[in-house]
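Dropping a structure here in structure tokens format, bear with me for questions.
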Amino acid sequence: MTSKHLIEYAQASADVRAVYDDIKRVRQVEDVNNFWKCLAAHPPTLRRTWESLKEVMQPGALDPLTKELIYVAVSVTNNCPYCIASHLAAARRAGMTDAMFGELQAVVGMANETNRLATGYRVPLDAALQD
Amino acid sequence: MTSKHLIEYAQASADVRAVYDDIKRVRQVEDVNNFWKCLAAHPPTLRRTWESLKEVMQPGALDPLTKELIYVAVSVTNNCPYCIASHLAAARRAGMTDAMFGELQAVVGMANETNRLATGYRVPLDAALQD
Amino acid sequence: MTSKHLIEYAQASADVRAVYDDIKRVRQVEDVNNFWKCLAAHPPTLRRTWESLKEVMQPGALDPLTKELIYVAVSVTNNCPYCIASHLAAARRAGMTDAMFGELQAVVGMANETNRLATGYRVPLDAALQD
Amino acid sequence: MTSKHLIEYAQASADVRAVYDDIKRVRQVEDVNNFWKCLAAHPPTLRRTWESLKEVMQPGALDPLTKELIYVAVSVTNNCPYCIASHLAAARRAGMTDAMFGELQAVVGMANETNRLATGYRVPLDAALQD
Amino acid sequence: MTSKHLIEYAQASADVRAVYDDIKRVRQVEDVNNFWKCLAAHPPTLRRTWESLKEVMQPGALDPLTKELIYVAVSVTNNCPYCIASHLAAARRAGMTDAMFGELQAVVGMANETNRLATGYRVPLDAALQD
Amino acid sequence: MTSKHLIEYAQASADVRAVYDDIKRVRQVEDVNNFWKCLAAHPPTLRRTWESLKEVMQPGALDPLTKELIYVAVSVTNNCPYCIASHLAAARRAGMTDAMFGELQAVVGMANETNRLATGYRVPLDAALQD
């Protein structure tokens, strides 16, 4: 249940292996990340999380790079070091340049600042912003 | 200093009016949002915040729509109702469709879920993710 | 247990009244805030919270105004509207001016921005900062 | 873009060096913290963040120590280890004693507790607190 | 996409109605909550969220009441008013008494306080706690 | 005041030793956790925190295991590594199995996801949920 307990393919049950195989197939990787090897401690969560992530992150009205940038923005705001590292890597694979990351950080920082200014000043919603 | 104290153009000092004028010029709007009318309670914060926001949100390696989507993602994660409303409006002006917002919400929700799964399972960083 | 269930002095039990009386005595107020009237739903929490707050907020190495400014800063960062309103009122009673609030907001906003920049850039701790 | 990529003065561009020089001049230090060496990956963010921080943290209606205490309170609430370490060091340089830090921590802890009590009990705003 | 746009059964598409019908069947309710009527703006998110929630909240190693108490604890910590209201109602249906809620709030408040104390004091992990 | 400064029993003052002794007595442990050895830097916070924790975590309308599960849920949501480790250990001592932890994580993850979906869609409170 802890970082010590990574479930490798060799020791994995059939249902866990099936998820690992699908991750490797979809992502074209040789092995799955530790995130999945930890989730494997609870197979239903492993399967459900992978199926949801696969559906949510597929190309749609938003392209894969935009989705990864949003993922990084949330992970930075939540201060999740593992999530930042893994999704920065995914964002780079999807085409994020250093310049894009610099601007992403600038927007995330500015949003966190103005969120607090709006909250502290208890800004009333403009009539034009109501729906 | 509170939602009751919105500083309108008519009562504003010269330095506050200068910022309001620049916001109206850059955004091509007839009046500024309540956010700015609250910040005007502290002119240095009004000026600094506008100058920073203008610089950060200008087109660059990331287009304006992508920046607004990131802004909304942070505002939703921080649970800032005013920020969500104002940046959703900005995102729509920048071209966000209902389908894009649906996918944005799905990614933000998924990121918040997996952030907690990674944190709770204390997932160790993969060697491949270290730099 | 909800906003509808405020326990007024008249309906309060003896132990709840004892806390209300102490709050009114210490704060020199005619009635207690709704916060306490809601906590009264669970008398042990009402008593423990008041005893702790009374001890923590008393003058010490930090003066009452500084403590209230810190309280507001945390409440804004946590986005707790009730806490912001009640502690802004307390901060004003303790001497916070509009200029002080303007600077408090600026620091809170800046701290929230740089916290995310440090997190997103995964800044390694300087040797000089380690202890 | 990562902790591996600290931009030292020797390798820095002219605009980055100009910011480093100003930080060293204002803070009277021999070298800048890693925070700045990471931000240097995006020069506009480095410059804007330093100019804003210099303006926000200068003495005003609030003294430098009070501003640093507020900065630490936000950094602890946001759980930003680097920010806590760097601003605790700055707070000590500004005169924070162990007794002051002990009380700061007590207030931050108490504020985080009561923020959740107010939120969970959905405390309605007192008429006297409305403005 | 906003609070104004609740998709009622009458206007819902076949796939949305299928989810609404399943929610009404599983929960034995006459109509679904606004949460679902908002999610219906993006049918894939409506379906995926309901399927996941149905799986996660079903009785297992933890009973339904314990799961709802955990849900409320997270919602209070995240300061999500709608989530607090809806899951408090679910927790009461599952058997939560006023005394249980009082203790839940006390634990949530205490956990939020000690989380910050541990973070601010940068407590090193005990050897006995490592795995 | 930092992770380097753990106050051991041998160097502790009489009032600190009194708290350590009570912790060891109540928890039937040979030594106290580093959390307490850090809090000892500010004896009033050490005493108050222990007295409150002892009262809040004692068996009541909620059993000790349920209270520890709630504590872990909050600590994961707040991303406090030390708190997660120490309260996971306490939860295991109280009887938490791997299956229970798997379901706890699933609920915490789901709650964090739906909290953001409700916030982003700005779901209006159902009449039936109002009180």
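Some observations on this one:
The first chain written gets the first letter, and so on, giving A, B, C, D, E and F; residue counts start at 1 in each chain.
Heads up, the rule we're going with is that contacts are C-beta pairs under 8 Å (C-beta built on N, C-alpha and C of every residue); 3 or more make two chains touch, one makes a residue touch a chain.
Note that the structure is predicted; figures quoted are calculated from it, not measured.
Under the touch definition stated at the top, chain D and chain E share these contacting partners: A, B, C, F.
The chain with its Cα centre farthest from the Cα centre of chain E is D. Superposition of chain B on chain E using C-alpha atoms only gives a rotation of 120 degrees, nearest 5. Taking each chain's centre as the mean of its C-alpha atoms, the one that lies farthest from the centre of chain C is A. One finds 27 Å separating the Cα centroids of chain D and chain F.
Each chain gets one centre point, the mean of its Cα atoms, and the points for chain E and chain F are 21 Å apart.
Touching two or more other chains at once are residues 1-3, 41, 44-45, 48-49, 52, 56, 77-81, 85, 99, 102-106, 108-110, 112-115, 117, 119, 121-122 of chain B. A complete topology is adopted by the chain contact network, contact being made between every pair of chains. Of all the residues in chain D, the ones that touch chain B in their complex are 2-5, 44, 48, 52, 55-56, 131.
The touching residues of chain F, when paired with chain B in their complex, are 72, 76-77, 79, 81, 84-85, 104-105, 108-110, 112-117, 119-122. Touching chain F in their complex are the following residues of chain D: 79, 88, 98-99, 101-103, 105-106, 109. The part of chain B that touches chain A in the complex is made up of residues 1-3, 6, 33-35, 38-39, 41, 45, 49, 52-53, 56-57, 60-62, 66-67, 69-71, 73-75, 77-78, 80-83, 85-87, 89, 97, 99-100, 102-104, 106-108, 110-115, 117-119, 121-126, 128-130. Residues 1-2, 41-42, 44-45, 48-49, 78-80 of chain B are the ones that touch chain C when the two sit in their complex.
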